[in-house]
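Here come two complexes built around chain A, the first alongside chain B, the second alongside chain C.
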Partner chain A sequence: MHAVPRPVEMRMLLPLVVLVPLGFAVTHIAQSGALDPGPLGLAIAYVGLMLGAHLALRLTGQRGDQLLLPAVATIGGVGMVMLNRLPQGGLGIDLPGVHLGMATTQLLWFAIGVSAMVAVAVGFRDDGFLRHYKYTWALAGALLLVLTFLFGREVNGARLWLYLGPIGFQPGEAIKLVLVIFIAGYLAEKRSLLAGASARLGPLRLPPLPYLLPMLAIFVIVMLIVVISRDLGTALLFLGIFLTMLFIATGRRSYVLIGLLLFVAGSFVAYQLYEHVRVRVDNWIDPFADPSGTGYQTVQALYAFGRGGIFGEGLGQGLPTISGHLPIPALPTDFIFAAVAEELGLIGALALLALVLVVVFRGLRTAMLARDDFSAMLAVGLTISLGLQTLIIAAGNVKVIPLTWITFPFVSYGGSSLLTSFVVIGLLLAISHRSALDSEAREQGS
Partner chain B sequence: MTGEILRILLLALQIGFVALLYLILFGFSRSLLRDLRSAEVAQLAGQAGIGRLSVLESPENEPPVGQPIALGPINSIGRDLNCTIYVEDDFVSGNHAMLTFRGRTWYIEDQGSTNGTYVNGHRIDRPVAVSFGDELTIGRVRMRLER
Partner chain C sequence: MIAVNIRRLAFYLVLSFAVVAGGLSWWQVVDAQRLATRQDNPQVIAARRSAPRGAIFDARGQLLASSVVVEGTSRRTYLDPAFAQVIGYASLRYGTTGVERAWDDLLTGRADPNPLRELVDQVLARKPESKDLTLTIDKRLQDFAAAKLGKNQGAVVAIDPATGAVLAMVSSPSFNATGFSGDPEAAQAAWDAVAGDPHNPFVDRVRQGHYTPGSIMKVLTTAAALDSGAITPQTTFADQPRQETEGFLVDGFTVHEHGLGRIKPALWNLSPALQVSSNIFFAHVGLEVGADRYLDYARRFGFCSSIRLGTGTRYLTVDPSYVSAPADGDCAAFADRVELANAAYGQAQVDVTPLQMALVAATIANGGVVPQPYVVRDLRAHAASPADGPSPTILESYAGGGGHRAISSGAAAEVRSAMIDAVQGPIGKLYAGAGAVTLYGISGVSTAGKTGTAERSGGLSPHSWFIGFAPAQAGATPSIAIAVIIEGSGDGNVRAAPIGGAVMAEWLKLLAGG
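Moving on to the complex of A and B:
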């Protein structure tokens, strides 16, 4: 392991030294009305953490993608500024003796996530244990889901939380990873069979069912558990990941078409079966039918977007709390995008989405340059999971699609989401590191 | 009066924050553009070839371990000197296997060898599609198909 310079990463991380403390200071000045930057400890710790990650990657000789970490760090920096600016009371964790506020807790999760990212990027040398034990992984994931369903705690009509003592986590996030690993392993093995010749039934070309069946079975099991535990955002995300990976592996539009038809049918059934799905869809069609009840959060989010306009209300000058409470209870988690849009306006919200696009772009590039099918499929799946999650929650916030409870990666408050997202970045770094080493060896050989 | 100054200062700082955010974005787009124009991607699009074999294990060191073999669309593998991929190993037949690229997929077919051809540890008895990342064993020589 030789230390290698990562000049682009360093250069792109440097502006954060100004950006994050500036954001903290601006929000404090706007809220206190005095020329006082306020406590900057968290901002400095955040920037230090990201520079530390850069240093760790550099010292361990990682040649992986240099734009992923800065893009993620900038997205997270904007998120930290927003979370620090909101009232700290409601969320956070109670450790023995001390209560940690929301922003402090989030920083703690960032520290854990970034450590996990570096560990994965450095430690992930051989993907054998992922691709050979794919069924074991899939079963472990399904088991985790069943456990959540049996022993989980219900929040917002969906059973997502599993508690180990005082610390809760959302298994749905970890299962997203496991599912991507399983599908990547399966498709890498069977890709040529799936894309190849198929049975014909009259004018219809049928997909080669025997090869698809094991994957479909696992997928249906996971979807069933997810739908029964009423976590519809995750169900939509899983379906999207599954269809995208299937399409990329085989290049056949018929799979996507069948998948979408199944989705429409499934949505219809869910609408008929579940009360809370009906409520969600009705809110989407007309949130103003019950503006102070079920439609309350959606209506408040729409007002927030409206107040923000193109240039925003100004950082730190969004709607103050109503008698000590947030106007939108789920603001730090599900509606953080609305908070960003209110204070930074359309231009700020677009900048945030553009940064996510940078991550997606680099992820797909990593997949393109990967040296084997498994790495390529893994990189595609991981990238799509991040991109699609952003798309679903942002679209839910602006009422393009019915709102679902999932997080905005790297921005929303929440440990499970941050940890998983950073593991995704770690895996992408590891995959791109291996293809970089490979192309270097090739150049020396020729 | 001081309130007025404070308001203007705050506005300047707020604009500064968004401007810096866009400066960072500009930096990203510049890096992305430079990368798109770089040789690496050109190589990827143009002359990357259809695949290669990386040799993992080779007791007689012919083919040498660690040196990737560039592949054409049709490759014969065996101990015969006329084979495209010459393998020196007592457990390899003269005309052992055929590795071909058809459509978008690689196929391997055993040519009636004595000791058989293995894909990921399984002996094959008919032409089999191989994916990038799969391991081929011919005699005592282990190779991996790569992009």
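Moving on to the complex of A and C:
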């Protein structure tokens, strides 16, 4: 384990040293009207955390992709600035004797997430335990699912939480990771069999049925999540991950199309069965039909986009409160993208999406350079889990699709999401580290 | 193999992000303005609550409405209840109406007529600057008309026929909006008092009043008939004198004449027929015009769809007027000849607003061109001290624009001549009544006009109508066209015509510098 320089990562992280504290100061000045930078402790701690992660990767000889961490740190920096400038009441956690505000809590989760990322990136040297025990992982995921259905608490008619003492956790996030690992393991092994066609169903050419069955099982489980948890956003995300990985393994667009058609059919059933799904879809079609009732948050989010315009209202200048309350109650979690778009404008919102695309492209690059099929499938699955999640929530915010309650990775308030997202980055770093080692070995051998 | 698929995936992902970026651009650029002006936008609410809303002045710079901010809350004062419906109100609690609503984004300063300056303001995040409005209405004429209406329910609307500028528009009963446009906590009692009034003061009768026109409709019928060539001013109907006593049988329905009083039926052409206001003559004329042509001419005068007071994106809306049954924002085809014959003298399904009828009079006065009416003349920088008059800085001027031709100038001149006779001819003078004659006190000035008595079903007392314009003598350019309605007050000659005459005379006096 020799220290290696990570010069690109270092250079790309440096602007944050200025930008994040500046963002905190600007919002403080805009809101208080006083010309002082205000408390910068959280900003400095945040930047220190990211630089610390850089140092840890460097000292442990991590050779993984150098753009992932700076991109993620910048996205997270935007999120921290926004969360710090919002009213802190309401969200946060109550530890014995002390209440941590929203931004402080989020920073705490950042610390945990970044630590987990470094631990995974450095410690994950052998993927055997993932690859060989894929069915065990699948079983663990299924168990978690069952536990959630049995003991979970319901929020917003859909979201399911498991509580350990005062700290809530969304098992969906962990299940997402397990799902990716299992599908990657299974597809890497059976890829050639699935890609070849030997069974026919009408005009469709299908792979041999025994290999198709576990795939169908995954699909059925995803649809069960739709029906039982009534959480369309998570279901769409899981299905999207599954179909994308299937496409990567087989190159068949027809699988994706069939899967999506089945999802639309399933959603239609959910629309018929569940009131809250119906409300969500109706609001999507016309939020102004009931602008002060069920369409309220959607309408308010559209207003936020409209107020932002091209250049934004400026950090700290937007989001008018009505007698001290935010117009959008779920702003820190589900509508954080609307808040960013209001204060930083179209330009800022597009920049944020572009940063996510940077992460996605580095992830896909990692997959293309991966040394074996399993690593490649794993990298694609992890990458797409971040990319699709961003797409689904952003598209829901701008009303391209019905709104679903999932988080904007690295930006939304929420510990489970942050921790999982950082583990994803850690795994990507580990995969690209191993392919970097391989290519070095090849160069030395030649 | 996997690498190829990953490249394809990257393409689809970029495509999906582009779709989201497109959605984002839609709300943030294309649709931003519409979102920004919606009444429940918290930004609008906050701006309205604390912004010093712009002032509103009359055509001569007299202050009509202004706001002051007291303890962070904007309080609006309305100085003249005669303007209550046209200006409307801007209440923190009860919303906005009238000009206050249509020009809300400019009055609160959320918008700027200059897109470049708006962009610069946005980039620099400048605080919105409220702007002031000047109306086309002259407070002196408005107050005069309101005083003439007195406690009657009804409306007066006067238009400059050449420009379309509204000179006065009064709806009675009125109200004072100051009580509920200030402190939201204290607003309810003042609001309840107006909202509970059974005579509906909130309704702007000029734009939203729906009335049967009665005989004033004969002006439109005459215009259509002369322009289409269906009749000439000399045309007579041989059976008409006999039908005056026996009734005119149209497809099984008998059109009866109203009481002619001392007038003996004779073989009338247009002028005497309009003077005595013969229903039977105009039923004949309507049938000569024919259903399709009648509808066509009605539409040319503005019937069958809503009229805008103002052009561009900011205007007051006038409810549509109909000559037949309404059908999806248009006039339905006439059901039969009976309906057409009755519509031609202003009964059957005909349903009009006072503004539409003032526009009919203005069109005849304007040589057959329908002027585009408007009520806000210009937008100005916010006056430092509104009580001392408006700022000299005009940011944007509004005008009615050219209007559009409905009938030829020759036909318009023939209608004008018949309308002069209808109030000044030997018989017309008797019908229009002594009241309208006050106008003729100004030497050398002629008036053109038509009275109306709109029969109402259910034994209700008829509405009294008058439309007209002045000066109407040959060679003169009319400077005012008017419509007056007094609800449920009986014959047109008794109530509406004198008020119409007095308001027109007052305007001519004001123009002469009196």
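In the analysis below, the second predicted complex is superposed on the first by the 431 of 446 C-alpha atoms of A that agree within 3 Å, B and C clash if a C-alpha of one lies under 4 Å from a C-alpha of the other, contacts with A are read in each partner's own complex, and residues count from 1 in each chain.
Note that contacts are C-beta pairs under 8 Å (C-beta built on N, C-alpha and C of every residue); 3 or more make two chains touch, one makes a residue touch a chain.
Keep in mind it's a predicted model, so treat the numbers as computed, not measured.
J.: With chain A superposed, do chain B and chain C clash or fit?
T.: Pair status: fit.
J.: Go through the superposed model and pick first if A:V8 touches only chain B, second if only chain C, both, or neither.
T.: First partner only.
J.: Could you look at A:L35 and tell me whether it touches chain B, chain C, both or neither (first, second, both, neither)?
T.: In the superposition, A:L35 touches chain B alone.
J.: Applying the document's definition of touch, where does A:M368 land relative to chain B and chain C: first, second, both, or neither?
T.: A:M368 sits against chain B and chain C alike.
J.: Classify the contacts of A:V358 with the two partner chains as first (chain B alone), second (chain C alone), both, or neither.
T.: Touch status of A:V358: first partner only.
J.: Considering only the touch criterion stated at the top, classify A:T74 as touching first (chain B), second (chain C), both, or neither.
T.: Once the two structures are laid over each other on A, A:T74 reaches chain B alone.
J.: Figure out whether A:G348 sits in contact with chain B (first) or chain C (second), or with both, or with neither.
T.: first
J.: Is A:D282 touching anything from chain B or chain C once the two structures are fitted on A? First, second, both or neither.
T.: Neither chain B nor chain C is touched by A:D282.
J.: If we overlay the two complexes on their shared chain A, which of chain B and chain C does A:D290 touch? Say first, second, both or neither.
T.: Once the two structures are laid over each other on A, A:D290 reaches no partner at all.
J.: Is A:G314 contacted by the first partner chain B, the second partner chain C, both or neither?
T.: A:G314 sits against chain B and chain C alike.
J.: Just how close are chain B and chain C at their nearest CA atoms in the overlay, in Å?
T.: 6
J.: Per the definitions at the top, what is the overlap between the chain A residues touching chain B and those touching chain C?
T.: Dual-contact residues (chain A): 314, 317, 361, 368, 373, 376.
J.: Touching residues of chain A toward chain C in the complex: what are they?
T.: On the chain A side, the touching residues are 244, 247-249, 251, 291-292, 299-300, 302-303, 305-311, 313-314, 317, 320-322, 327, 341, 345-346, 349-350, 353, 356-357, 360-361, 364, 367-368, 373, 376-377, 380, 384, 387, 391, 394-395, 398-400.
J.: For the complex, give me every residue of chain A touching chain B.
T.: Against chain B, chain A makes touches at 8, 11-12, 15-16, 18-19, 22-23, 25-26, 29-30, 33-35, 67, 70-71, 74, 78, 131, 188-189, 191-193, 195-196, 312, 314-317, 344, 347-348, 351, 354-355, 358, 361, 365, 368-376, 438-439, 442, 445.
J.: Can you list the chain C residues touching chain A in their complex?
T.: 1-6, 8-10, 13-14, 16-17, 19-21, 23-29, 31-36, 38, 40-43, 45-46, 122-123, 125
J.: Taking the complex as given, what residues does chain B use to touch chain A?
T.: 3, 6, 9-11, 13-14, 16-18, 20-25, 27-28, 31-32, 35, 40, 44, 67-68, 104-106, 129-133, 144, 146-147
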